[in-house]
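What follows is a set of structures for review.
Next, two complexes with subunit A in common: one pairs it with subunit B, the other with subunit C.
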Partner chain A sequence: MTHNAVVIGGNRIPFTKSGGPYAHASNHDMLTAALDGLIARFGLSGMRMGEVAAGAVLKDPADFNLTREAVLSTTLAPDTPACDLQQACGTGLEATIYIANKIALGQIDVGISGGTDTTSDAPITLSDPMRRVLLEASAARSLGQRVKPFTKVRPRHLSPKAPSVAEPRTGMSMGQHQAKTSEAWAIERSEQDALAVASHHNLAQAWNDGFFDDLVTPYLGVTTDTIMRADTSVEKLAKLPAVFGGPNGTMTAGNSTALSDGAATVLLASEEWARDHHLPVLARIVDAEVSAVDHPGGADLLLGPVAATGRLLARQGLTVSDFDLVEIHEAFASTVLATLKAWADDDYCRSLGLDSALGTIDRDRLNVTGSSLATGHPFAATGARIVPTLAKLLHARGPGTRGLISMCAAGGQGVVAVLEAV
Partner chain B sequence: MSALEKAFTSTPGRAIAKKAGLKDPPRLRRGRTWPQGALVLASIGGGTLAAQTLRLLGRSSEHPVTDGGEEPTPGYGAPIGALVVDATHLARIEQLEELRAVLRPAVKGIEKSGRIVLVANRDAETWEARAVLRGLDGINRTIAKELRGGATSTLLHVSTATTADDLASTLAFTLQGRSAFVDGQTWSVGHHQAPATATTPSPLDGKAIIVTGAARGIGAAIARTLARDGATVIAVDIPAAGEALAAVTNEVGGIAIQLDITGADAGSHLAALVAQRGLSLYGVVHNAGITRDKMLVNTDSARWQSVLDVNLAAQMRINQVLLDPTTEGGLEDGGRLVGIASTSGLAGNKGQTNYAASKAGVAGLVIAMAPDLSDRDITVNAVAPGFIETEMTGRIPFVQREIFRRSNSLNQGGKPVDVAETIAYLLDPASSAVTGQVIRVCGQNLVGA
Partner chain C sequence: MTTLTLDQMPSMGAGFARALMPSRRTQAALPKDAVTVPHLRQDSARLADYARVCGFTLRDTVPATWLHVLTFPLHVHLLGDPAASVRLMGAIHVSNSMTLHHEVHITDPLAVTVHANNLRAHKRGTLVDLNGAISVDDQMVWEGTSTYLASGVTTPGDPVEISKTPFVPHTPHATWRLPATLGRDYRRVSGDPNPIHTHTIAAKSFGFPRPIIHGMWTHARALAALEGRIPSRHTVNVDFVKPVFLPSSVGFQASADDQGVHAAVTSKDGSKPHLLMTVTEALMEHTTPSDVSLTDR
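Here is the complex of A and B:
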């Protein structure tokens, strides 16, 4: 690498439960709002960025150029190019890696990564038969021909198709997949609830401390993350019924992420550019790795990142205990707990082609300002939420401190990155 | 908008209101615009400061028409734009007759949004001269009330040491549309060793200025006006106002910081941002303020404390950090501090004891600070807005609001930009001889001293 790609900072809008205050906001609106706050915080108005890369997992076909259009809705210079990028729940982190790589290679000096998602304003499409009828009718040359296709319409064709979060190859939802993993790795309900409670309490503490004052900009009158429950407790969560894994399941609405709306962005630059422009340099993006597992073949869907973590650490000559802070995306509390168990499991790690187990970490280094269970998880936004949060935390701990990000994503995939405070 | 307000603002409603004597208020000339008609210059007693200042500003002037008792009273052919009277050598009661003779035709013949500006020497020595000086104040306030069509009157006090360089920015401000809602006021211009010469259209070019409470209302107008004049605006507001703050910041190409100014470390946060961004801090506009209105008999400690803390104590804490010469990112020598007082503070206002205390306190503060900071060439001033049309005053019930907004010599509420323009004038590097002043932007509100 020829340049240090560094995190200058970030901005997101508060995350909310889907169908809530952002019910009428589109991905375009939310991404624009997140960019606006970033531009204001760092005084970027009128400036040309090398590139902006962002994405959405649930994307309306009209948003074929989502990021570029959002850029044009901001006060960034209109000659700022942008691309849409998508890797399921890893989108925000993958977009960050993409921009960081371009910076490292000297292709650009400064760029923005991000992600946005709304399950409130998810695109709803016509059923396949109905779509064929309309296409046939529009291709017709006479009135008769035009009417004829509609005789084939049956009532069931009229019901629209909402996007599904089920894995296409297994037909199982993510929760159902994770329920299998929970059982296989013997992840206790009480552990999951405790992790969820810690997430809420850590996030609430960070809000109280003003930690997010320079990471979040209010949107549509929402000033804090609304899924957060500062007063939740293990006792309260213990009362919730299982939603995945059958009647004896351990996964509840309390220890699974809620469907959420939100958007997040990260400002990245070469260290030289950041210093020339008198901008803060929080942490450098050291390295990153992606991986995937054969979940149709029975592998644990959400343990995808373990292999990436192992390969990345080996390449960097690091072990998990070298990290001052670790961010494991909380798709489900059980995902985080299974990931930690997998890291410590020699046989499992060898089965992934790694030399040995990755080791264990002190739990007080994990998700110290809360993660997706408390914050919410607007799919593509989460990676872009974690990167500036971790960069700020590392910077406060001093130069050289390291952080690890591990994110699972649909399709049995994993995206992992290492940051180091500057 | 209430049904009553809708009826009032409808076409028939306006016609009825007009018949009842509630005329549409005059449209005020605003911005960096000079009066259209001739600029008339008169000197009573031979003072030349005003003439020198107008020359410095590149404005040509005409001789006054005087009323010598002829029938009919002599007048101007076409409406005049402004009358500037150099009264720096006016020290005797009998000389006031000369002033009357100049004022009579001018007041009669002045254009809409025209200007009367009296320049007087505050260093009057004799008893008579001091009496006359105060007499000018009475004349200024009264003419302001008699002028129509948005024309205003201003009395500028100068010292014996004041030069044309000292006075230029102030005279330009009073004559231009920027002073649209400043009427019947008196303030003072002193002397500075090396004032920046002549005013330019963007006097704040390259200067970093902090504006607190910048997300909306008057604060947003201040940010826009300072940016228009070339400043790099560091826009501050509480985190909850971040969305509006970002919009204003991006509009003016500034830098936003979400910050509660009452926090103990607010000053050091601001200084750190200035230092981080490699800027030199030229000015701070302490605009952030809150109201917690209640009659005194219902005012509890919480309402009292919060208003005093946000409106007064917070800016003192921030100033303390920014004025410390060892603070990296602190205020530069030659810098500017501007506070926001209020006519409620100067005159008192029912239901606002806490607010009046804080805002009168701001006036007291700038007067106290100014002399102590003069050796660093830092000026400290305040503006005192009267009724300004904002979201905040928009929440006053309609009838009460209509009474408030018309209770001044210009028969209308001011705009946020009117306050902002006055602040921008105080921030102008050429205004270095103006310090320790409190300028009301109130259209000569009927209440208050």
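Here is the complex of A and C:
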């Protein structure tokens, strides 16, 4: 017996720049705040959810049970189970797929997915040698044994280790990887700046239209996304220096996502449960796929989702032109542009084992209420930001309209999902 | 009673020093005036620190005990008044009652007013109430009463007994480990400078073998343990039965019935109470204080 897993709605807190108004908030605080708003919006107080799945990419070791602890801080019934799930920048979407699959299989009726990240309150850890000294000392059985490991401590061991955004196997940051991709796919600076400007203008328009009124609740005095620049223009962005790809690079602070803080959640249920509880039914989760490319072998790190998209469309008998709306996560403007070029490239798609190119889309169907460049990208939260946004947009366009979500993630991975308005 | 208006919260100054200095007078006397700070902005960084020290999640809405902390400098200022002979130093916080009538957001500008009253004779001194009231846009959102036992001062009348809240020992649901540094942490977030919470010598001079944690920390920690389980508008009554020494481990237990949630911070084995707490839903119609408005007396 399978069920339609549907999106009822979502809630997030406004996203802000790292070190900004949420500088003192932890992942626990932000995830709880996003859940609080979701619970209030849909009257879930005191109810037991089948499961809550959420995660964070930069996670403090003390938050080993982050999601369950956040659930216990809310008014959800304390017998609501929860788990942490992590799929780099795809976390929020992967968590949504996890909950939707359980609903589809009839294992649960209702669940919540989400994600949170803070680069302001990021975990800082001991250096590896220092960690080993402390572990050795704590395992010691006598005072002599306990003291001895400390004789190995050197001043350099005392400097703390901040979390790194570099790929472990290449030592290169996301931006450096994407700079290689930008060059290989000949992604122009002007195209990137234009895409970034569109993201800001679309997001600002959506805020002006009140689109986010039932998707966002204020937190710590912040009422709208603070990275958004409604008045930005290609002229303004053209003045910024390149930050990746050397002096002749095309990627700037304006067409790359900012380090951000924020949290987002999605309420999912079987269609029957949603109707029994008189809750909105926006869109169903049709299908999803995850893929990876061999980036240590030289593949484009952030084009991971292309293979997933191809396989998913083939399985569903769809082409990219069947989608009324497409959400491609804007890790960098160049990532979106390279993804679109890759979709249209026969040779590239065949190299991934696909039958042919996926095709092209109308650009006016892409990221119509803005995406990560303007909103910000608190890594794990982004997928849970996109799902309710897209579900609401599709629902407004009428039953049967389809949407595609494509998200790149660290490790050369990609998470892709198809939604259809109910 | 008239109301003295201050432009801002008094800082750690002469008022604090006076409020901590012993008084030579033996007859209990209170300042006649209420003191108000009509425009107080809350500091979200300090709230975050307070939340971390007490175990609250940092939300857009603030805990009731945080609002008490905001009234505290005014209590100290009040008792630093030359007319007052009741001193905070050596006074024992015996019970506390507060009501959150409406959710308060961290962005809300607050009007804070305090006054002292209700002197009652007690066999070990005098009981006194320190009252606080907070409003947002002229609407009462919070009010609280802290009852202290001041030794060394007397007041006329028959001694009253402090009514004892019944306590039934239970196996604790949780163990809290209170580190020796907790007194300093809570001093930082509360501004309460009383050295009996931070220094052994000061604690010994008041008959305690070790520093004791602020009663309002224990209160806040217990309220934080109930987050998600109590109504957003609530009345919380607390009896401080026995001080908690630092460092130490204590037990916590809570249960709910028709009346509300009952919680206790106990010895580690659950046999002896340190703090007893009852949380009930605040009555909706009770949006103005039952006694006359503080500012009009």
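Here is the rule we use: the second predicted complex is superposed on the first by the 412 of 422 C-alpha atoms of A that agree within 3 Å, B and C clash if a C-alpha of one lies under 4 Å from a C-alpha of the other, contacts with A are read in each partner's own complex, and residues count from 1 in each chain.
Following the convention adopted for this analysis, contacts are C-beta pairs under 8 Å (C-beta built on N, C-alpha and C of every residue); 3 or more make two chains touch, one makes a residue touch a chain.
Fair warning: this is a prediction, and the values are worked out from it, not measured in the lab.
In the three-chain model built by superposing on subunit A, subunit B clashes with subunit C.
In the superposed pair of complexes, A:60 makes contact with neither subunit B nor subunit C.
By the touch criterion defined above, A:43 lies against subunit B but remains apart from subunit C after alignment on the C-alpha atoms of chain A.
Look at A:29: by the touch rule set out above, it reaches subunit C but stays clear of subunit B.
Once chain A of one complex is fitted onto chain A of the other, the partner contacts of A:219 extend to both subunit B and subunit C. In the superposed model, A:78 lies in contact with subunit C only, and not with subunit B.
Of 129-137, 147-155, 201-209 or 219-227, the subunit C stretch that intrudes into subunit B once chain A is superposed is 129-137 (criterion: clashing C-alpha atoms). With the contact threshold set out at the top, residues 33, 36, 74-75, 217-221 of subunit A are in contact with subunit B in one structure and with subunit C in the other.
Against subunit C, in their complex, subunit A makes its touches with residues 21, 23-26, 28-29, 32-33, 36, 72-76, 78, 217-221.
Of all residues in subunit A, only 33, 36-37, 39-43, 45-46, 74-75, 210, 212-214, 216-221, 223, 278-280 touch subunit B in the complex they form. Across the complex, subunit A is touched by residues 44-45, 48-49, 51, 57-60, 105-107, 227-229 of subunit C.
Residues of subunit B touching subunit A in their complex: 232, 235, 239-243, 245-247, 249-260, 263, 276-279.
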